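Both complexes below contain chain A, partnered by chain B and then by chain C.
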Partner chain A sequence: MRGNLQAFFKTIIVQMKLSIARPMFQFVIWVSPFFYATITYFVYGGQSPERIFQYVVLGSGFMGLWTSIVYSSATDINRERYYGTLENIFVAPVSFAYIIMGKIVGNTIWGFISMLLSFIYLRFVFNLEYPIVEPLLIGLALLIVVIAISVFAFVMALVFTLSKQAEVLMNFIEYPIFLICGFLFPIAILPTCLQPLSAILPPTWAINLLRVVTNDASTTAQILQAFLILLATTLIYVGISVVVYMAVDRKARMDGKLGVY
Partner chain B sequence: MESWGCINVESIKRFFRHAVLSYKALFGWLDPKSYILVMLLNPLTQMIFFAMLVNFVYGGKGLEGYVASNALLLCVMSSVFGMMTVVMSDRGMGTLPIVMASPVNKGVLFFARSIPHIVNGVFTAFLGLVFGVLIFGVSISLDALLPLLGIWMVSIFSACGLGLILGACSFWTPSMHLLSNILASALLLLSGANYSLSVMPSWLSDFAKFFPLTRGVELTKAIVNEGDATQFVRLMSEEFILGCIYFAISIVAIRYAEYLARVKGTMEMS
Partner chain C sequence: MTKSIIQVHEIKRSYEIKTGTWKKEKKHVEAVKGISFDVKEGEIFGLLGPNGAGKTTMIKMLTTMLIPTSGSIQVLGFDPAHQHKALRPHINFILGGERNLYWRLSAYDNLAYFADLYKIPRSVQNERIPQLLKLVELEQAADRRVETFSKGMKQRLQIARGLLNNPKILFLDEPSIGLDPVSARKLRDILKDLNEQGTTIVLTTHYMYEADELCDRIAFINHGELIAIDTPQNLKQRTNHLSVIECKLSNCTKEEINKYLHEAYISEHEVQEEQNTLKVRIHVDEPQKIVSLLYNLPHIDVQDLSITKPTLEDAYVTMVGGV
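Right after this comes the complex of A and B.
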């Protein structure tokens, strides 16, 4: 267990260094937040400060976070396959799950850095006013959001492990999640047939939690409800990830095609 | 050799044959699933996302124009990422030095490879428009279709010219994903597809005029929303000249990039 944890933390550091060495990831972390924030601000420019904070600041920040997941965590397994190192990691004495989770957490930390950059940019370039929030509350909310997003990315990474079309899928899943999870508008305006899909995706509840805890008008009951929904969704995804992990592990060993690119 | 006066028919046939073959090789008609996901569904989800956003924020005002403008923006996949692969894919497959050492005119060669991306860009944009009309229930007059075809062809030609300048960079830099994504995002930002250019700071809207698609988007909105085509000739002339300048620069850039690649030994770098 201690060895696994040590590998987990070391993987976070190594992954953060490896990810940011890639030009595409550099774009995702250092450049894309400014484009997302500017475009969203131009669209929402004439709206109320509350709406601008909810959809421009949080929404564009979350777009940056999600893009960092799409172009890193979702396809890191495929990248290892391309490098020819996937089988080595898979059969190493340290659990494969700890390595993958370490990679995902490392990438998610970068995602939050890009989100932070977006917040700073909008605050100082467009002089946006941010609400004063309880530090402990927002800290706890961010921690749960990190866990929720990481668990969701873990499930995606496992599913992508079995696909030979991971790179194609990577390019496809960015905007559908922006759309379905309501990053820039409420999910209530989506067609009715899409709303159940929104409800089963953790990013929907993650951004909802941040919106609720940063809204002055939110009641304690609403805040508690937002926390509970995200926690419950995350727990369900933890269960799904265990099942998918076991299935991937079994299939990889039976087929012996893990490294086939 | 078959010829019409001074025109060599075989050269023209070779031009188009090369265009079709290179396109097939680049975008894998052998795997339609990849083509559909990357070149059709991905841009369409982008269009739906932005159309839903502006519909929510502006309360449906001018939605037809925004849907059509976002449909035009779908050409970015062809004009930036497609044009980038015009050079990059050869390097990835190790055939770039052979292509560059061949006696053919490189300007004609790369222009031939651009043609399918212009056609594909127009196709994707019109497909986006059809989806936009069906999903959002907006009505676009049939009279507007022909002017739109002209506007979009010229705009996409211009965008492909800029894309080819970017493609030239791939001779000496491995950071093409960084550059191509910056250009694609810049086109989204500067075109004004999702807002009026008047919301931008004046220096930014002036800067936007040096980029393709800005005039195309302005004219698309004017024609679709108001049926106003009075600016058609002026804006499209400017856009066409801009496109010609981009292609001229791209030919010089390819030659210079080729020279740099030979000096630095980076032609096969991946």
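Right after this comes the complex of A and C.
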């Protein structure tokens, strides 16, 4: 266990170093949040401060976070394949799950930095007002959001491990998640047929939790409900990830194509 | 008697491949067709064969990367297909070429990261990593990014990576591919030293002189089947009745010389065009007859003729097919 954790924390550091060394990732972290924030600000410009916070600040911040996480689960797996290191990390004594999770957490930290930049930019450039929130409550909400998003990214990363088309799949899911999970608007305005899809995706409930805990008007029952829904969704995805992990571990060794790119 | 630490019995591995763009068809390809062999503790064991022979597939099955279709494998008493978690800490592998490293990290950071992936305590890492960098003569480049390294340096760093967990068995898949002669020699010296210190080595290579110099025993495989397995000396002796004639011919075409050799019932020959001459290599039982035939060919000049005993390469090509 100690060895696995040592490798997990080292993977976070290595992943952060490797990611930020790439110009494209630097763009995703340092530049794209400003575009997301500016576009969403002008879309919601005339709305109430609460609505602007919920859909401009949180929405654009989450877009940056999501982009960095999708990168971690798809392109990084493909990059390992390209470097020829995917086979090395797959057959290392440390469980592959710890390595993938370390990569996701490394990029999630970058994602939060990107989100923070977006918050600072909107606060000082557009003079937006932010609600005063209970630090413990927002801290707990952020922790659960990180876990939920990481578990979801973990399932995606496992699936991408088997596919040589990981980057294509990544591009395919990046923007639909913005829309389906309601980053920029309430999912209630989506066509009815799409709403069940929104409901089974953890990012929907992650951003919902952040909106609820940062809304002054939220009741304790609403806050508790938002926490419980996200926790329940996350637990379901933990279960899915265990099943997918075992299946991928076997299928990767059945196919023997980890080194093929 | 030295105990056997790898036992491979009737191992088969097949793949399903899809062909066609519109109408996809599934094809079954057998990469390994029932191979059996064993490797003894402390040996350097070579797997030789042409491209697509099944060497890499075999290495992947031995190193837990691939599950066989049928048959059984025991490595250090573990089944790599089902006891992979128990086996992995005791083995390591190095794949040829420049990949398998993080180019944007320094040599030291690469080793430190892989050491963590092998659960090596930090106190041990602090001692072992500088030792390994010294062994592969990269201590001066420890803090340089790998992307600035030459191919030989990358390959040596891979060797250091493969030794991080002090493996009982080190698997190498074409370790010297693309290396210049000096780097390749350095690599062979490192492998010999490692073997003297007790590491069992299993390697695949295309380079016959490398296999001849390094290996205690060699298995020739072709089309997924085991053709021969023995010491390099014994393999060469299998073709000892043959002699190898090498010469250069001018004033003739490749087609003409192929026709003459065909008429003389010589099937094992190779003709290469080199500027204005043809380089000919022939395997024969009675070299004198062929030498006189060559000198009596009309209008053809024979130069640099030599008759030698077969090398490991000759044994290989005779058994695998072709000259």
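In this text, the second predicted complex is superposed on the first by the 261 of 261 C-alpha atoms of A that agree within 3 Å, B and C clash if a C-alpha of one lies under 4 Å from a C-alpha of the other, contacts with A are read in each partner's own complex, and residues count from 1 in each chain.
FYI, a residue touches a chain if its C-beta (ideal position, glycine included) is under 8 Å from a C-beta of that chain, and two chains touch if they have at least 3 such contacts.
Just so it is clear, the structure is predicted and the values come from calculations on it, not from any experiment.
When the two structures are aligned on the shared chain, A:L18 is found in touch with chain C, with no touch to chain B. In the superposed pair of complexes, A:Q6 makes contact with chain C only, with no contact to chain B.
In the superposition on chain A, contact is made by A:I99 with chain C only, not with chain B.
In the overlay built on the shared chain, the residue A:Q222 is in contact with neither chain B nor chain C.
Look at A:V91: by the touch rule set out above, it reaches chain C but stays clear of chain B. Residues common to the contacts of chain A with chain B and with chain C across the two structures: none.
Interface residues of chain B, counted against chain A in their complex, comprise 33-34, 37-38, 41-42, 45-46, 48-49, 52-57, 174-178, 181-182, 185-186, 188-189, 194-195, 199-200.
Residues of chain A that touch chain B in their complex: 23-24, 26-27, 31-32, 35, 38-39, 42-45, 47, 165, 168-169, 171-172, 174-176, 178-179, 184-186, 189-190.
Within the complex formed with chain A, the residues of chain C that make contact are 15, 57, 60, 63-67, 81, 84-85, 88-89, 93, 95, 97, 99-105, 109, 112-114, 116-119, 122, 161, 165. Residues 3-4, 6-7, 10-11, 14, 17-18, 21-22, 82-85, 87-94, 99, 250, 253-254, 256, 258-259 of chain A are the ones that touch chain C when the two sit in their complex.
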